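To keep things simple, chains are lettered A, B, C and D as they appear, and every chain counts its residues starting from 1.
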Amino acid sequence: MEADVKAMKYSSRKEYFLLSFEYDEKDKVEPGQFFRLKTPTGPYIARPYSVYDFEDGVLTFLIKSGGEFEEHLKTSKKIIFDGPLGNAIPSLDNPLLIAGGVGYAPLHFYAKRNKSHLIVGSKDEELFNLVDIPPASVYTVEPTTALDVAKHSPTTNIIACGPIKMLSRAKEMFRDRNLFLILEEKMACGRGMCEGCAVMTSDGVKFVCKDGPTFSAKEVNLNWRN
Amino acid sequence: MEADVKAMKYSSRKEYFLLSFEYDEKDKVEPGQFFRLKTPTGPYIARPYSVYDFEDGVLTFLIKSGGEFEEHLKTSKKIIFDGPLGNAIPSLDNPLLIAGGVGYAPLHFYAKRNKSHLIVGSKDEELFNLVDIPPASVYTVEPTTALDVAKHSPTTNIIACGPIKMLSRAKEMFRDRNLFLILEEKMACGRGMCEGCAVMTSDGVKFVCKDGPTFSAKEVNLNWRN
Amino acid sequence: MEKLKIEVAGIEFKNPIVIASGPAGFGDEFFKYVSPSTIGGFTTKTVTPQPKDGNPPPRLVYTKGGLLNSIGLQNPGVDTFVREVAPNLPKETVRIISIGGESVQDFLEVGQKVEEFADMIEINLSCPNVREGGTISSNEKLSSEILFACSYSLSKPLIAKLSPDGDILKQAEVALKNGIKIVNVGNSLQGAKFNINDGKPFLKRVVGGLSGPALLPITLWKVYQVKAMFPQLEIIGLGGVNNPKDVLECAIAGASLVSMGTHAMIDPEGIDDFILKTEKLLEERKVSFKELVGCSHRGGYR
Amino acid sequence: MEKLKIEVAGIEFKNPIVIASGPAGFGDEFFKYVSPSTIGGFTTKTVTPQPKDGNPPPRLVYTKGGLLNSIGLQNPGVDTFVREVAPNLPKETVRIISIGGESVQDFLEVGQKVEEFADMIEINLSCPNVREGGTISSNEKLSSEILFACSYSLSKPLIAKLSPDGDILKQAEVALKNGIKIVNVGNSLQGAKFNINDGKPFLKRVVGGLSGPALLPITLWKVYQVKAMFPQLEIIGLGGVNNPKDVLECAIAGASLVSMGTHAMIDPEGIDDFILKTEKLLEERKVSFKELVGCSHRGGYR
């Protein structure tokens, strides 16, 4: 489907931006789901982005700058999109949300719709000037990471989204909690056809696009990747 | 160099369009010269277009729809350009200008700056609703071609621009007149480096971009192409 | 849709558009978006004797205007395939089952097990993402033996899927000599991409298969050469097709069928329209697909 | 510019960016836009014994994200070249003269005549646009003889320009066996495009050479393979380079020099900036170009 770019707002040093366009909600959009985005001129393969916000018929995405998609966005007025794809983050009782960098996107949307605690970490301070963070959340700039902070929380239910190294560490640290990880793999079809976004689980190879992106930490073997 | 698209105006059935952007005339722009145009997202190789008009710092081009350049223009707000390239049409005494289709572009510009007679032919009537044609010009829709009309003119100096078949016929018909042809060949560098836009002349292979695009009909061997 | 019909090896195709092996998987997801009655044929993901997990991630790398994949033939193995997948392949389209393996034995085993569910069988000799030491097609002896054994033992029409990386004429000759009448030209082209932040390849096996629009001119030249040298072969043109115009170009170069992988995967909802537009191009030119096939070798159609 | 310096075959390059043979012609126009002191090396258009008119038009076809060319080695012939062009090649950059022909004799004649004006000589074995029956590199015997004779008779460092269409390892082996220490991987890839309005090829010889960004992953994989098999060869990475990142990728794969044809042609004014950006990428990563060369074969640089 096609839409006009409604707004594209950069952070101060242009490391991140928020992209929004109107979406006539034919299918329900849930936190954790993603859309595949490209422009009419490229990139050739649409890139998947988690929904950062959906309000009053406007979808918003939080995107890290520097790639081919942004290159095309710089001149294009139109978006070609496809979604919502993937599954919703499970509804947990008052979970702790741990976000690293643009991993904040799905958790922002989740926090808006579900009671939860939030810790956001970023190497790059300017992220916090771009996004909105619910009151009573914690945000932290490296070297103190979101995980360092989270360690001190007693909450059982945890949902983490961020760089793979952070997720691996979270899996180590929170072995005995009810931890969910929102995973990322390069995608081509976004619908479980091409076998591109594989993740190894206790139940064999699964796909981030179709079976995820949220997985129970216990279920996934992140070492397969290394 | 980069410029914002100032206007893009289509003919009724979208077969043609006029594209304009601002140009700060560092180099003098003369009728017969061309610019290489693309957008930041493509096409990969910029396409050459003759200047249709240059007034008040605004360059205008007359372009036939349907190609890759238009594809990118549909969404792009920016033009990347390069020019003016090529040589000016020689200044002749009150010449007859014969245009076929978008071959009208350089002749429109020439007619604005030089006293001349003009005959424009087009398969497609809607061209005439898009472009402006000086008063006292003739325009004709196939099957009566611009050449059929031109036959009856006694003028010695003739400049023709249009499809290669029209130019070949003009060369046949006006053997004993002072005929100039504005030629077209696919171009890559636009500056006489790549040897892409070859034309055979009595003086060996020349290049449309560097030695043309206007050539004396006597000089060129159009049969080399067939 | 009269202008699109074509018969190949005695099999009627309502149109020449065949979905390529792999990008659309086994069809279960794909046919949620595409009605099997619109497409000429559907090729399954390649099936091997044993289940395969495929390669560890990353399996995909984005490149400018293309895609590099290293899936590694993940599939449930022929037994599960025959039990759970094959019987459900839609009969409204020509069912092409792609078979893979390492040895003659492998190909025969898979071929024989899937045969009853297939209208045609495609012998995948050219996967860039599994064997050490190159594709099977780069080994003339092994591919000869596989093709000969399959020709001898299988009764459904066979397609040999060749590699765009090797000598295409040599591969076509090997196919023809071993009883094959249809060749698929070809698979994805071998490519690599490196991470400038650590100096390592993005893909663990370094090499992946490049697909996408940029391949089209390469595909067209290979199709043209094979048709020029072996006019008796039927050719499937595959690699980079992404526009209805490309379908006509493939036919003109010599292809009797035109296959699409990546494009069908990234825009399944658009396939219906793609086929309608292909038909429209033919109608505007008052020519049928069949008349176009190989016409560049006869001086064009006009 | 310390981070960009590299020495190849005893010749100092201030940076590894070498303009490829052809798209920038003989330099007369090109050096109006580019200062020779900014680029590492400049390769002339290929020179043959006799003048060549080249192929009749069209010589270019636009493809999606690429360019198909069929120039046909138009050049003034070696005698005019040596009289009018060669003495004026700028000495502020490494002057590489590309030589072509049909026979051993041809290559020797051109090589000997141009040698005094060249810092290096590139032996073009891979032009897709002149010979009937394929490139010289597809003929092992002929290319062996040419390379052997040149190695024996010419004293400037020699580069063998290989074809991406043939078996790159075989070609590299042939080069090495015949005394060549530098290989250029590679030329444009063979491709074709057909006119759907008449069913004919756009190019009179049907085939042309495809260049452009999409080739990069293909080039990288070929560079990687050659470096893995023949670590003693110095490699020029060529085909699809269009971004400073690509220069680093080529080095990582194994290239000691990185060449650009089409990109240098379409954006000569941008080359200065391109080289500055390449240097900046290296500085940000605290690594020199030389350290990157082939580092993927050593587990990366970090």
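Quick note on the criterion: a contact is a pair of C-beta atoms (placed from the backbone, for glycine too) under 8 Å apart; a residue touches a chain by one contact, two chains touch by 3 or more.
As the structure is a computational prediction, the values presented were derived from the model and not from experiment.
Count how many hops through touching chains it takes, at the least, to reach chain B starting from chain A.
Contact-graph shortest path, chain A to chain B, evaluates to 1.
Taking each chain's centre as its mean C-alpha position, how far apart are chain A and chain C in Å?
Between these chains, centre-to-centre, one finds 35 Å.
Distance-wise, how many Å sit between the C-alpha centres of chain A and chain D, to the nearest whole number?
Computed value for the inter-centroid distance: 44 Å.
Two or more other chains in contact with one residue: find those residues in chain A.
Residues 42 of chain A each touch two or more of the other chains.
If a residue has to touch 2 or more other chains to count, which residues of chain D qualify?
Residues 64-66, 212-213 of chain D touch two or more partner chains.
What's the contact topology between the chains, one of line, ring, star, complete, other?
ring
Throw together a list of every chain pair that touches.
A-B, A-C, B-D, C-D
In the complex of these two chains, what residues of chain A are touching chain B?
Against chain B, the touching part of chain A is residues 39-42, 71-72, 74-78.
Which residues of chain D touch chain C in their complex?
Touch list, chain D to chain C: 63-66, 68, 166-167, 189-201, 206-208, 210, 212-218, 220-221, 224, 242, 245, 248-249, 252-253, 281, 285, 292, 295-296, 299-302.
Per the contact definition, I'd like the list of chain A residues that touch chain C in the complex.
Interface residues on chain A, with respect to chain C: 42-47, 68, 185-189, 191-200, 204-205, 210, 224-225.
For chain D, which residues count as touching chain B in their complex?
22-25, 29-30, 32-33, 45, 53-54, 56-62, 64-67, 69, 71, 74, 212-213, 262, 265-266
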